[in-house]
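Chain lettering (A, B and C) follows the sequence in which the chains are written, and residue indices restart at 1 in each chain.
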Amino acid sequence: QTPPPAEPAPTPPAPGSVSVRATSEGISLRSADDALLLKLRGYVQLDGRFFESRADRPGATTLLIRRARPLLEGTLFSLFDFRLLVDFAANVPPLWDAYLEFRPRKEVRVRVGRFRPPVGLERNQSGIHTLFIERALPTDLVPNRDVGVMVHGELKDGVVSYALGAFNGTADGASADTNLDDSFDLAARVFAHPFRALGLSSLSGLGLGIAASRGSQFGSASTTGEAPLRSMGQQTFFIFRTGNGLGETVVAHGPHVRWSPQGYLYLGPLGAMAEYVSSTQEVNLGEQHARLRFESWQASASYVLFGGKAAYDGVKPTEPFGASAEGWGAVELGARMSELRVDPDAFPVYADPTRSARKAHGWGAVANWYLNNNVRVATSYDHTEYEGGAVEGARLPESVVMSRFQVSW
Amino acid sequence: QTPPPAEPAPTPPAPGSVSVRATSEGISLRSADDALLLKLRGYVQLDGRFFESRADRPGATTLLIRRARPLLEGTLFSLFDFRLLVDFAANVPPLWDAYLEFRPRKEVRVRVGRFRPPVGLERNQSGIHTLFIERALPTDLVPNRDVGVMVHGELKDGVVSYALGAFNGTADGASADTNLDDSFDLAARVFAHPFRALGLSSLSGLGLGIAASRGSQFGSASTTGEAPLRSMGQQTFFIFRTGNGLGETVVAHGPHVRWSPQGYLYLGPLGAMAEYVSSTQEVNLGEQHARLRFESWQASASYVLFGGKAAYDGVKPTEPFGASAEGWGAVELGARMSELRVDPDAFPVYADPTRSARKAHGWGAVANWYLNNNVRVATSYDHTEYEGGAVEGARLPESVVMSRFQVSW
Amino acid sequence: QTPPPAEPAPTPPAPGSVSVRATSEGISLRSADDALLLKLRGYVQLDGRFFESRADRPGATTLLIRRARPLLEGTLFSLFDFRLLVDFAANVPPLWDAYLEFRPRKEVRVRVGRFRPPVGLERNQSGIHTLFIERALPTDLVPNRDVGVMVHGELKDGVVSYALGAFNGTADGASADTNLDDSFDLAARVFAHPFRALGLSSLSGLGLGIAASRGSQFGSASTTGEAPLRSMGQQTFFIFRTGNGLGETVVAHGPHVRWSPQGYLYLGPLGAMAEYVSSTQEVNLGEQHARLRFESWQASASYVLFGGKAAYDGVKPTEPFGASAEGWGAVELGARMSELRVDPDAFPVYADPTRSARKAHGWGAVANWYLNNNVRVATSYDHTEYEGGAVEGARLPESVVMSRFQVSW
């Protein structure tokens, strides 16, 4: 009798051979020995900004490519994660994230490179996952990107997470590539999901935390160590005085301390987020010196009408809309309030009260349609009122409708 | 008797699995379910520019990387096309194209993002397919890239194609990332291949069209809404007056209207292209206001000596030159004339007649060797004469030999 | 009797099909017909610079992303090599290398595009392979990147290598994208490994060479054709006078000649490198003209304590450190001296003796830990002293500790 024919033995993968896959999370390459996982991802946002027309309108109605960001991320030797995120949009620097993270276990991860310091809650959401099209006013007071070293991790399955890092130090709302001075900033955050410890799964989406940063900054006439403050419509409403040389230009000069209590709640379709930021910095104008405190807060709420659940890292539609799919994706509505107060002592010495506002407060509403994990269409309305900032009383209120067409992969 | 051994059943592709291929059109990744097609392409152009030596020569003889452009394009769900084109060459912005196109059928396509408005005929050719190394003078008067929304399509198998879009609006010859004002520009084009309707295949390569754009632009002292005009040798020969503040700087202020009849003929080895552009814009200099009309035209003809056929989207050599191939590629010769006239009313108030020319007219010749679909070697000569533009009469004529070594994949 | 079942015939690869592999040299794609080999590589360097604190310290202690460079390279038709190297780090231009190289045989290779002219020995090492974190002072006097055409090759299995090219011409220590004038620079180098010819394999790592460049540069008030000189800590210690217009600004004006004897020795764990550069250039300041000579030299030595051999193109650890590996990589120690002298005739007319030093000389030490072929950790110390460059005598010495965390793939 004839034995059954032997199946061709599976050939072992050649050293270095790679499997390539494409999912809604991008193109991935995985080596046969799992030593390398590489993901090619990215996102593009096409925005429209439509300001209420006035004779003295604050911004121009425009279409723009808000972000055009290819992203390379992956894992080496199952031990190191890396990420390289660049942006090709106009008038922004090319490099955003460039870091390597050593993660022997999830309780202890060491990240080195350029990334977001762990201060602002909304700032630490990805630009593709924020509820609104543009972040709220507290983001004006926290660091954007900085170069540094950070230890972070999750304890007890995410009941508590922590982060502690040393960075060059940035002006409020700004990014830094190099240090202006010899001092490094420390930034830290503790964030807890207390009900996860109690096993109350219904409230497992409640997170509370506190973040802080402390350092010193010393600016010069060419790099002042200060940055302008912007409204939701991305218009500058506060700027320190600048002029010829150090005698006419306000520069950072001394300690810079931020602290920020923050929290969110995600409960099925319902989402809520709130944060407060206080930033105290010392500045010089010629011989004069002051310690100025900026404060800001925001509170937002959202509701997913259908098709998904609210989450800090974005709504994932359960029934995607698409050529061969039958679903309609997910639709989310949201609202927020937000306020920022400049230290009154900033005026008139350090800032011109006829050009810089001393307070901005606003509210907004947004509707998001997540067609699937890759496409999001959004429209928002933001209304901001000011105190001060004009020759006669208050800067004109800003009313802006924004729209976004976002593709991420 | 023994049944023939069963062949191993073909294993169904794993979800998300991808096939990778390399052709002369670049690297492509296609997912097994056809939901994704991704192409990695790009092109690099190494140019030489050799100006006739004179004491007062207009430009410097130089070698330069003219374009270094990786290109990512593809199709999602067989329904959406996308394209991301960036340029790493010196002194140019990084982002060129970033758009998504929804194409339910070829008659109706909706494109959103940053791309070329449908105005100039030669401007809408890819930079790797233009007959000459640098485009002719009418390209100085049409938009380069802009952010907007466009509906376009082909009717009756390409007998008629149309495009209609809304854009931020650009200065003549320039690109825009944001809007300078609250108004959007409309741009439209209708282009017909009339003999395709009659079934006259010999004349199916005759195309005639008309394009127009209409909008308003309002500049400021920092962003004037005006751009310089450049010769074929990429030297500025016309620039509006600029100075300190609005009193000394010409800014766009009012309607901006372009129209352009255009056409081409591709008949076997023979090619011809002609376009005319009129651009009328209103400008301010302090209290003074004017409506200025710029006009330009070009006409070119080419002949493919051997190895291919003339075409709007480039000569494709039928017998490629290469290591294992026996052919010599394709060789094409071409000639053109081109002229640009500035409104005489621009002088002397809005432009300095001793620095800006009121007319440029030139001719040129080119030889292209397409080794294969990936490599092109070209050399061209352009001679341009001016009226005005110098303290004593006319700006010196420009005679420039250019060479290009181009690799695209 | 039944014949043994036929094995399924191997299916021939589809045209254009590609095999993807990942090694420590990056991701590679190779087409089935070998017409294309494409490698996706890159490197990221995270640096720290720590200056000795003084009241009047020359630089700020900082962390920075020194280089973030994706690299695309490969081979077409087994005949052409290409390379595209871009950098996303802050304050540097995006494009570094973009070239195509035709290599019919290793004796004759023709390279066109943007790349390093063959002058400086350490400059021609990759930034991931230099012994120290920052290159020594002679690199201030040689071209960085330039656009040009170069013929180069190796004769007799590397006994002699040569390079001869024509380039736009750069200022000392700088890169060029276009030419400032009508003249091209010639650059040439001959480099020999004399003991390879004699079969003395023990001394086969001794290389001696001489390089030179010759051209003319003519600057203008906006692009002077001159660049500042930087210390190892990347601080400017010499700069020509600049001011309003040509009357107050030093510009290159005339011949620019460099020559550089150079050599290295790699003998097992031992490495040594030395080079001398003389750069003579003619400059104008208003009506005044001078011919100035800058000189610089460096000498370095290194020793690989364990795990590898010294080499010009970097230490390759034989026993990599890693998750599944048992080795400790390789550790290398090094030291160097370096000096740069400005022509005394530069002072006081062309350079301000209270701001620009007339001599810099320094020494340094470095320790490198090569964990594997992909990861390097380094720390270095450099001490530089100056003559001149301050109102009262000498510019303050620079003492800088640098650290680097480098990932390349």
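The rule we apply is simple: a contact is a pair of C-beta atoms (placed from the backbone, for glycine too) under 8 Å apart; a residue touches a chain by one contact, two chains touch by 3 or more.
If you're wondering where the values come from, they're calculated on a predicted model, not measured in any experiment.
Chain A maps onto chain C through a rotation of 120°, based on Cα atoms and reported in steps of 5.
In this structure chain A contacts its sequence twin chain B using mostly different residue numbers, the overlap staying below half. Measuring from the averaged C-alpha position of chain A to that of chain B gives a distance of 37 Å. In chain C, the residues that touch at least two other chains are 2, 5, 8, 20, 94. Of all residues in chain C, those touching chain A in their complex are 2, 4-5, 7-8, 19-23, 27, 42, 44, 46, 51, 53, 57, 60-65, 68, 70, 88-91, 94, 322-324, 374, 405, 407. Partner chain B is touched in their complex by these residues of chain C: 2, 5, 8, 14-18, 20, 29, 31, 35-36, 38, 72, 76-79, 82, 84, 86, 93-95, 98, 100, 112-114, 147-149, 167-168, 177-184.
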